[in-house]
Amino acid sequence: MELLLIFIIGLLHAAGIYMLLRRSMFKMIIGLILLGNGVNLLIFLLGRLVKGKPPVIDEASKVFTEIYADPVPQALILTAIVIGFGLQSFAIILIKRVYKVLETDDLDDLNSTDEEI
Amino acid sequence: MIKSLFLSNILLALVWVFATGTLTQENFLFGFLIAFGILWLITINRTEIKYFSFVPKILWFFLFVLSKIIAANLQTVKESLYKKDDLSPAIIKVPLAAKSDLEITFLANLICLTPGTMVLDVSDDKKAMYVHSLHCEDRDTFIKEIKTEFEQRLLDLMR
Amino acid sequence: MIMLTLGSLFILSTAVAMLRKPDVYLRINITTKTATLGLGLILLSSAIYFWDYSVTTRVIAIILFIFLTAPIGGHMLMRSAYLTKTKKWEGMKVDDLEGQYDPKTKKLYSEKRNTGFAPETTEKD
Amino acid sequence: MSLAEYYNYVILPILGLSIILVFIRFLKGPSIPDRVIALDMLILIAIGIIAVYSMQNDQSTFLDIAMLFALIAFLGTVAFAYFLIQRSQNDE
Amino acid sequence: MNNSWIVLPILFQLVSAVVLLLTWGNIKIQKIVSILLSAIGLGIGIWLFLLIYNHGIQVTQSGNWPAPFGITFVADTFGSTMVLLASIAGFSVSIFAAGSMSRARLRFGFFPLLHFLIMGLQGAFLTGDIFNLYVWFEVIIISSFVLITIGGKKAQLEGAIKYVALNLLASIFFLIGIAFLYGLTGSLNMADLATKVQEIDNKGLINVTASLFLVAFGIKSAVFPLYFWLPASYHTPPAAVGAIFGGLLTKVGVYAMVRTFTLIFAGDVFLSLILSVMAALTILSGALGAMYHRHLGKIFGYLIICHIGFMMAGVGMMTELAIVGTVFYLVHDIIVKTNLFMVSGLILKINGTQDIKELGGMYKSKPLLSLLMAIPLFSLVGIPPLSGFWAKLFFIKGGLESKEYFLIAFIILGSFLTLWVIAKVWSEVFWKDAVNLPKKSKGIFFHELSSTGKWVLVLPVIFLSIISLYIGFGAEHIVSLSQRIASELMNPASYIETVLSQKTIEP
Amino acid sequence: MKSIIFQTASKYLLPLLLLFSVFILLRGHYLPGGGFVGGLMAAIAFILYSFAFGLKETKSIVKLNPRYLMPVGLAVSILAAVSPWLVNLPVMTGLWYDEPLKLIGMVGSSLFFDIGVYLVVIGSTLTIMFSISETI
Amino acid sequence: MIFAVISGFILAALVPLFSSFARNLIPKIYPFLPLGIFIYLGTCFSQVTQNAPMHWSYNWVPSFGVNLDFRLDGLALLFGMLITGIGTLVFFYSSYYLKEDKYLDRFYGYLSMFMAAMLGLVLSDNLISLFVFWELTSISSFFLIGYKNDDPSSRKSALMALGITGFGGLVLLAGLIWIGFVGGSYSIIELVNSSELIKSHEAYPWIIGLLFIGAFTKSAQFPFHFWLPGAMKAPTPVSTYLHSATMVKAGIYLLARFTPVLGGTDSWNWTLILVGGITMLYAAAHSLFRTDLKSILAYSTISALGILVFLLGVGTEDALLAAGIFILTHALYKATLFLITGIIDHETGTREVTSLGGLQKVMKPVALAGYLAALSSAGVPLFLGFISKEIMYESTFHFSNWAIILTASIVLTKVFLFVAGFWVGIKPFTGNLPQEHAKAKMPSPLLWIPPVFLAGLCVLFGVFPGILDAFMQTVFNSMSPEGEVIHLALWHGLNWVLVLSLLTLGLGFALYKFLKPSQSLKGKLAPFDKFAPIELMERIGITFQSFAGSWTGFFQNGYLRNYVISILIFLTVLAGYRLYDGVDIHLDWSQISDITPSEFLVVVLMVTSIFFALITKTRTGVIVALGIIGLANCLFFLYYSAPDLAMTQFSIDTLTVLLFMLVLFQLPKNRSFSTRKLRVRDGALSLMFGVLISILALEVFEAPSYTEVSEYYAENAYLLAKGKNVVNVILVDFRGIDTLVETVVLVIAAMGVFSLLKLNLNPFNKE
């Protein structure tokens, strides 16, 4: 299963980059979201996978009595997800604004700040 | 008004107890407090809500609805095996006797959960409801069915 | 167990139906109800499985939520599909809704209107 | 057949098959509402899977996820509906 | 050694931001409160610096969990120096912003954002946890996103798209790097990582991870060939924003690079070589860009890149001497670049344009102000004994020591082109006769301001200029500080030991 | 979105969702949940309501402008985080009430921290959503 | 001694203060500064000439060995007295010459700063402080050349001068640090002891190369000479002071200073001979093609500087002595010529030699000064110029096999310079007074006394060279510590040198009679202009500028995707190479778990959705696909025991969908932009990256894992942190700071969205 997950991680990264290379701003954001998903899964994978044993201590006991999933990557991903949400909401609104002001979704129309001397 | 708010409060407290899964006095009280807070938070002066209180009626109605739902599902199972040709979908206008928003909503939900029908929209003057149906051979029977089986029962219950 | 099996079968049947129904209205119509019952059964079976007061109440809560929300979602979607003039299956015989929306304000009339034309009384806003 | 096997070999495959069928509907479209209702349906099935999974692993905690899914899933559908209407207004 | 108050600079900025958020909309109060709080923040920065300077590395384990289990905050000399510099820059910019930002922008939360940004920087400088560093970086970039777009002008938006996209990409690489590090070591505490990384057999994987960090921080610090977001965007926001960006943002990338490459990935020779080559090309690209452009903001933007190259050169050489240079340059550059962007804002405020072809006559009309502006300009060039000069001694000597002669050549080239560009700017903006063109920019011009308004704009420039002069003439202080920092960085044992030995405090 | 059905349902869903969000928030320390998800749920509840009834009405329900909810939430979190300073402990050290309260369990600074998070999440999510809705 | 240096800076710094209330006092007060220092140096004279250099030291940046080590020895004294002496005259001269000028206060500021820097330069024993002052002279020169800043050509010349000398300075810096690095000290006097060490070091050629570039640029040696004629845009007092008497000699000073440390090797000598030789001939010849007095002087100055470099290259004791004397000689007569040029310019309004003549009728003392200076320049006996010329010839005449060529070239140079000197010093005063200059008046004594005084010194030292013996001895010893005892005399006996000397005079006079300065002569040089170094340099400059443009345009091309590609390629190649280079790929199947059908299903769901998102044409399709990807993600989290994650991910996905839905309909219709070829390229690139990440993930996954930290959390979550959901405990307790900060991120994002949507400062917006 890990192999498949690795495949998916690779695919998410590749897809994210591919979308980032498109000319549409919208796709750019999709790319970033895909990359974010890929990274989250990567962190998850590298914390090693444990099936069906959430890191929640039993009601009855005070410590874990059996094997449990590594909680650290989960906490990290949670943080990353929330941060990612903040960033991507901003980015989404940004493209909306850009479209409102510049009336384009084409990144190739957004060169003036680079090209002006 | 105060009464119905109180009722909603109790109801929400019960939901809380359900959700948390611990039925104790403290938990109910706690749920009550939280619900109180929430209701305080969301209440603005608007026309008051009527509450239904006839438990047996509710139960009966509930069973009825359940049977309809099961019927609906069985029908779908059948449907999924049917060919396209056997369908005769239609969008039918059903005049409404229900007046309040809550009544209409309940009715709509009921219709949605029952066989082959789905509410598409309610007219802005709340006089008619447009219902999408999988099978509708005859408009009048269809309307009648809805009006008697659902609307009537529901209104009985709620008024 | 039986409930579980039944539930999953109901869901399967919905899935099949979803694939087979010719237009979007039919598909929406189908899903909202079958799935809810199928899901309800599965959830109930899990309530039985755990046979625990807290789980049971929670399951009931979930089922209630689904019964409350799923039809609304379906209704909203179907309504929007209609408003955006998604293609209907040619098998649909009767459509009372046709022309009942005011094309500008999206106001829905209960009385029969002259199709296609906005009534003169429509105010511009 | 043990309970675990039953989950694995009967229930989950059935649900899985449903997923695939619904997913095919998603891929086929053709309209956006089709896709949306497919997504909606997928989430519902996922709730089912979660329930099964919680039984399989004897973890009632998972049901909470199901609860959350149930509560907010339709919001997405509503959003799509909203979008469709808005866009059609925009186009006119 | 254990001091739970060292996070005060961070939390104080956070509280400041919260206070300002609560007064959202009332510009007058915000201006006064922000300046006041920045001043206190500066005081706290000084306090922390002196504390560390006199008592050595201080550590606090947040949550009172022993390292490596909680998040550790470490104030070593490097960190506390950077905190102080950020407070200085923050203080100046808050004053400058009070005088120069348009009311609309202030009403939309410029001040809280500024404090959030400073908080992010302080956090990045003080944290001892790699994931926490990531989180601080995110605070920095999101606030910079907002600041760069605040006002929503066309150019701002265009620049922001690239800024956002590439900085997010950098964050993603950073996160991938963290994932690998955690996968390899199971730890996130940097001191702990330093020890664990040494124990890993599969050095190759560590090296690859290091490359990811290199790229992530390389994008943040605008190194060749990763710098593209900077010239596309830095000149677009208002000067106060540009000042804080130009002064601090890229530097936090440099900081992170220095920190991780001396602590976690110490001794990676290949990486040093790559860094050296990147540094050389960074210098070249920055200098060429600055030569090519006519817009003051763009010129300064490219000069940021050029001078990041200097600092990278120091990191690439990776000798203690070279790190002294990097740290010294960092100190100098933060002050000077902040000042320069304020100066460019001032020029815009006076003349209504930033195109050097359209500027002129400043020397005639504002001789004293011109001389004031000459201080940051020529400090940047490094006319000895101004502040930009001293670090070069260390770079050159460091280059000789590590036999990276090509780097010396590029440093000389970079210095020369900087000199050329600044001399050109001086000649065009100050010497040349005023060009009478219709004013492009709207808003209140300098001469229309009340004298208080004028002073509010000029005071921060004077303040930073004095600091620049101090760095130049009192170079010994900064050099010995940099030497202390470099030696701490190159011998991280005490850092590691201090962090890992701090157990929980009994209440 | 003037659908009567939707509006009515939303009216009743709102308290339900809010209730659920508090539930999620409070049990986070023991079972899956916590301030984040709780806050998101609450925000979603209001958003739903705003879909049905429009922004103006929703705003009048929320009473406190979400823009001010953010600093308030932050302030709660910060207070919870720095309270250990008073007893000379590092920030974020958990301070606990000795006796567990029934239902909620142990009450400590981390609970207040989570409540702060909850408020911030509501505040920021609503700020985002409301600003968008306003400008459509 | 420090006060001597610092006072100049202080006075310079005080200018902005004074200018507000005591503007007019500045020209009256400031000239007393150089005078004071000159007198101070004079008091040091006896001590220094007794070979007891004076010291003063201050540890400036001891951490780098940078000290303000001032050491007053013969060479320093010679330069110091020139700087302050000529400085005094120039300061006084300027107070009248630039009387009308609006910004005279600034002028004195720069001038004081320059003087102080120059003094610091010659007094510094520390390499770094020497460099500090070196650069300060360049920068003050920049300000002085660009003094008339409304004149574009002034600005251009200032830039060019700064460009050349600044470049040389930086190169010099590298050389100086290298010397210190190799020699182990930054003190010149200490370096003399490690001279052999440095000379035998492998870096020696590099070191002297760098040093030479520094010296040549500053002292205007070929091919860096061209900035100097340009620098004549500066007011004449500045040209006098900086560009003939002092600053340009800094390079010479540097070479002289380093002769005992680095000199004496073939590479040292021959480079200097070659460069100096070319410069002196080239510039001397050039001076004859000029008609502007200052231009002639500029070229003859360059030539003189060439001579000095040449002499230092010859490097014999005679040559060093000759250099020492010639520094003084040249300073005296050249300063005089510059000053009288200034007077001529001031009184007649022209410096065009072709239109000048007969001025002795109206300004006798000036004419006298001119004659004397020209004669000294020509090397006529009884003038100091003669003595220096004699020793010069003497030194080349005895220089190994190359004596004839060297001597011939210096004789030729001298002949040309003879003419140039006469053109400036004699021609304007003799002949007929043109009508348009008839109204020229005798200038103020402040103007004419300085040149007359200097010219007088030329004669005084020429007639009684013995006065200089002791002085020149110490100067000589600074360059050649073990050098012999010298004795300057007018008469060296009848020898070949004398013959050559007379020959020079004869040829020079003949050439002067034969060749008249004219515009046509100037024009004859035009065809060669495109080979002139200045042309080449300008062309290099233009090429460089356009290179800057294309480089910048190439990388900063405005296309986001190109930026991403460049970042990506960089990362992939770097990480890929390191992966290939250092990682042994190995697979251990034991860590890998089985695939259950339901998991596989989720995988299929995800993969298909990703592809769907990639290829679908509608944006809504993408969003729905994103929803499915998120759902599949949730299921992964669920399967692998992360309920919190599943919940959060789902909520956030829902919100994201919502966000997109609220925004999307305002976007324009989706268009397909890229060609198939482009898509394939991008696909390959992204695939490369994906594969890289996959391999890395696999490798890291296979690496042994450490669980210390998570075990600690698990053990203490309930016991110490009193929570049972460990993830939540981490979030609110163990790593609570992260959480606090991430909420801040949300807050900022919300603020950002708010301001993005509500604030719009665009001037013409339709909204």
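The first chain written gets the first letter, and so on, giving A, B, C, D, E, F and G; residue counts start at 1 in each chain.
In the analysis below, contacts are C-beta pairs under 8 Å (C-beta built on N, C-alpha and C of every residue); 3 or more make two chains touch, one makes a residue touch a chain.
The shown structure was predicted, so the numbers you read here are calculated from the model rather than taken from an experiment.
Applying the stated touch criterion, the connected components after chain F is left out amount to one piece. The minimum number of touch steps separating chain A from chain E is 1.
In terms of Cα centroid distance from the overall Cα mean, chain E ranks first.
Of the two chain pairs examined here, B-F and A-D, it is B-F that is joined by more C-beta pairs in contact.
Centroid distances from chain G, each centroid being the mean of CA atoms, peak for B. In this assembly, the C-alpha centroid of chain D lies 48 Å from the C-alpha centroid of chain E.
With each centre defined as the average position of its C-alpha atoms, the distance from chain B to chain D rounds to 23 Å. For this pair, chain C with chain F, the centres built from the Cα atoms lie 31 Å apart.
The distance from the centre of chain B to the centre of chain G, each centre being the mean of the chain's C-alpha atoms, comes to 84 Å. In chain A, the residues that touch at least two other chains are 20, 28, 42, 45-47, 51-54, 56, 72, 78-79, 82-83, 86-87, 89-90, 93-95, 97, 101, 107, 110-114.
Chain contacts: chain E has residues 14, 21, 62-63, 70-71, 131, 135, 138, 142, 145-146, 149, 152, 154, 161-162, 165, 169, 176, 179-180, 183, 186, 188, 231-232, 292-293 touching two or more partner chains. Counting partners per residue, chain G has 553, 556, 558, 560, 564, 596, 639, 643-644, 647-648, 651-652, 654-655, 658-659, 662-664, 666, 693, 700-701, 705, 707, 709-710, 713, 724-725, 727, 731, 733-739, 742-754, 756-758, 760, 762 as the residues that reach two or more other chains. Every pair of chains in contact is given here: A-D, A-E, A-F, A-G, B-C, B-F, C-D, C-F, D-F, D-G, E-F, E-G, F-G. Only residues 8, 12-13, 15-16, 19-20, 23, 26-27, 29, 32, 35-36, 38-39, 42-43, 46, 49-50, 53, 61-62, 64-65, 68-69, 72-73, 75-76, 79-80, 82-83, 86-87, 90 of chain D touch chain G when the two sit together in their complex. Interface residues of chain F, counted against chain G in their complex, comprise 24, 28-37, 40-41, 43-44, 47, 66-67, 70-71, 73-74, 77-78, 81, 91-92, 94, 96, 105-106, 108, 110-111, 113-114, 116-117, 120-121, 123-125, 127-129, 131-136.
Only residues 53, 56-57, 59, 61 of chain D touch chain A when the two sit together in their complex. Taken in their complex, chain A has these residues touching chain F: 54, 56, 78, 82, 86, 89, 93.
Taken in their complex, chain G has these residues touching chain D: 596-598, 601, 604-605, 608, 612, 618, 620-621, 624-625, 627-628, 631, 634-635, 638-639, 643, 646-647, 650-651, 653-654, 657-658, 661-662, 664-666.
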